[in-house]
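Please find the structures below.
What follows is a pair of complexes built around subunit A, which joins subunit B in one and subunit C in the other.
So, the complex of A and B:
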């Protein structure tokens, strides 16, 4: 029993770490730019595909292809910001949101045309045995890297927002764009940073997701939808809230299904059952009062 | 060829009704409800189950679907309408995913992913109306027209103006002594009832129903129709529906290979959506409005 529980906790942690990386970018974009970026899942998918191309088709080693993939996806994020979101920045938030829905279906279609509907894989899984959470568990090297790197990146993002000049500027823009601009903060620069960082984090998540599951054009949809839930769970715009929400979703999904509390057919519904339950009890988000937008 | 044309008219009519019902809650009242497809699906399943298990006919099913979707929406509204903006959007999108999961897993009721087959064609006064016949087109266009006239009256009634006021400024509407929660709930219930009718029409046309009716692409097409035409604009939703269905058929006309028809259609949808947002963020129908 404890072996099983330990394994389920590990699986939940891995899923939670990946959701957290995606949710982090979403919550940053929401906090600073003020809308939910529906195409964020497709950025995750593009990360996985570009890594797959460099690693399997071009034949680079894992680390250089991962770095190159993340850098190229950061550029994709910057391009999206420049050409699709900047021109409508001062419109009703519904406008960029609808544009991101359009980008989401458009990018999926582009991936489908380039790579076809066939399911692709990055690598075969090799499991290592570890002792963790009071039992022996099986974990792949990529899972261990995913959890370690996700924790480093989450800590890094929080430090970045609080300790660097740019991070403080981003929080100022999140708190009041007009006043920040009056104080000499370039809103364009802030937006570039937020979309670049968000895309980079999503690309990292995409690369690790590519090791966990097959590559297909819609692979980003499910994790993005879970990340939306995580963001809302922790109060939109809150960084720590989104991270806690992500792990809550990852762990509860793994434990509830693994222990047979909820039949596996209902897996896809779990994040939303938690979300809707929470919204009914605490409509302002789990940490709504304490962790307000990007301040904590 | 004429059958293909008829089938396009029928599909456009069903979608026009669904888009117009969505226009009531999303466009006019400003409820960003991404789960509207649930009411369409509930209506479709109501009609399919009542028809195959209890032998109910076309007209009874339309009534039952409207009633059941409306009641369902009352419960749905009590749960979600305390939320607003992005919270409402994500919670209702989640509700659509839950609906899809339930329809897939509640085998005894919905027959799961295999779907419900053997639904009867519409029968009016003892005459069976075959799909893609002229009579079928007339029947569906009549039903959709009648409901749309009702919706037109609703859009331009005092209640419709209250809904528009809620979208523009809910607090001001409250200050004017209006119970906005009640108005929003009614808007959702009516919108759901009309979507339920569209669902019943779909069931009796396709004669087959499976859980993909709740799928994400359907939600996006629905948002597309209302947003492209113009949110809250009665004629906008109709224009949006016709435009989206026409564009969706283009790849087939141009003769793209089958393997990329779906993808090229989505790219055109994306271009239409993004182009509208850049060019006419209030919808393409603003072209025809007086300055």
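So, the complex of A and C:
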């Protein structure tokens, strides 16, 4: 029993780490740009596909493929910001939100055109599980890397936001956009940074997700939904909240299904159950003070 | 003349003209106040100087330079700072980070730290709250944060948009005292104030603006004694104040 629980906790941590990387980007984009980016899941999918192309089709090693994939997805994030979101920067937040829904559908179609509807695997190799803690937990190398790297990236993002000048400026824009402009902080630069960082984190999540499941055009939808729930759970716009929310969802999903409390057919409903429960009990989120978290 | 506005006509985006042919000048180390009823365009003058409006005609001259169509960051660099009205700080950042953001365009870190300490010694209350989020501070303390931020670049000219708005009389007094101290340190001040009586008392000169046009100008004390100003603005602003209070209590009940 304890071995099962340990294994389920590990699985939950892996899922939580991946959700957290996606949720972090979502919450940062919301904070600075003021809307929920619905195409963020497709950025995750693009990360997985671009890694697959470089690693499996071109034949590069894992690490260079991953680095190149992440860099190219950051570039995709910057392009989306420049051509789809910047032109509507000062419009009602509803406008970029609808654009992002359109982008989500459009990017799925792009993947469909290039790779077809069939499921693909990310690598030709098979990776054997390693046993940790005296055989109590089985973990694949990619899972271990996912958890380690996610923690490093989350810590790095938090340090970036609080210790660097640009990071502080991003928080300043999120806190009060008009005043940021009065002090010469360019909102466009802030938007570029936040979409770049968000896309980079999503790409990392996508690559690891590709090792956990098959690649298919809609692979980003479910993790985006979970990340979205995590963001609301922790308070929209809050970085700490999104990370904790992500691990809560990852762990509860793994434990509730693994221990047979909820039938496995309902796995997909768990983030929604948590989300609805949260909205009923504490609609401002775990770390929220005001309902409209960061925007003035 | 350190700042001169010549026949300025301006508005916002595609909207109508808010200012019509406004003229205004500020001499070095003066405190100049713009008064006038709500909607007269007082804040629009400050925003125009700061590059935040759509200027349709006229000129804004800082020293010997024409800054009419300069962008906000160029204007900050040229030595003008502004304290906006209302929500003028970053509530989610600490007091110290707020000050750092005030000097965002400054690169030298050593200089920044030195300036930060200077501002802290000018506003001892802020030093106490250094690590606290600015959003938890009281209205008066926030106004001190906003003033501190604007001083981070040692501006030559400071634009103040309704510095006393929403403050209790005692706190308002403190803010006005700080404004006088800032002037003593060599900064020129152009201010917009709803509390005309108080503002004109500490001002060298004042301008009265009506419907976006120059109505009157003169020395602060002369304007205070001017029967027309007294009747229209000092009395009116008092009335408006009591009216506001009433409507607030109504809402509460």
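Here is the rule we use: the second predicted complex is superposed on the first by the 276 of 296 C-alpha atoms of A that agree within 3 Å, B and C clash if a C-alpha of one lies under 4 Å from a C-alpha of the other, contacts with A are read in each partner's own complex, and residues count from 1 in each chain.
Basically, a residue touches a chain if its C-beta (ideal position, glycine included) is under 8 Å from a C-beta of that chain, and two chains touch if they have at least 3 such contacts.
Note that the structure is a prediction, hence the values are computed from the model and not measured.
**Q** Output check: A:59 vs subunit B and subunit C. Expected answer is one of first, second, both, neither. What do you get?
**A** Neither subunit B nor subunit C is touched by A:59.
**Q** Comparing subunit C with subunit B, which touches more residues belonging to subunit A?
**A** The partner making contact with more of subunit A's residues is B.
**Q** Scan A:87 for contacts with subunit B and subunit C and give back first, second, both or neither.
**A** Only subunit B; A:87 stays clear of subunit C.
**Q** When the two structures are overlaid on chain A, which partner does A:30 contact: first (subunit B), second (subunit C), both, or neither?
**A** first
**Q** State whether A:184 touches subunit B only (first), subunit C only (second), both chains, or neither.
**A** second
**Q** Between subunit B (first) and subunit C (second), which does A:280 come into contact with in this model arrangement: first, second, both, or neither?
**A** A:280 sits against subunit B, while subunit C stays out of touch.
**Q** What is the contact status of A:263 with respect to subunit B (first) and subunit C (second): first, second, both, or neither?
**A** The first partner, subunit B, only.
**Q** After overlaying the two complexes on chain A, where does the subunit B footprint on subunit A coincide with the subunit C footprint?
**A** After superposing on chain A, no subunit A residue contacts both subunit B and subunit C.
**Q** Which residues of subunit B touch subunit A in the complex?
**A** 32, 79-80, 82-83, 86-87, 89-91, 93-95, 97-98, 100-102, 104-105, 216-217, 220, 223, 227, 259-260, 262-267, 269-274, 277-278, 281
**Q** Which subunit A residues qualify as touching subunit B in the complex?
**A** Residues in contact with subunit B: 30, 35-36, 84, 87-88, 91-92, 94-95, 98-99, 101-106, 108-110, 112-113, 116-117, 221, 225, 228-229, 231-232, 236, 263, 265-266, 268-269, 271-273, 275-276, 279-280, 283.
**Q** Could you pull out which subunit A residues touch subunit C in their complex?
**A** Touching subunit C: residues 165, 168-169, 171-172, 174-176, 178-186, 294, 296 of subunit A.
**Q** Could you list, by residue number, the parts of subunit C that touch subunit A in their complex?
**A** Residue list for subunit C touching subunit A: 50, 52, 72-73, 76-77, 82, 84, 87-93, 97, 100-102, 104-105, 149.
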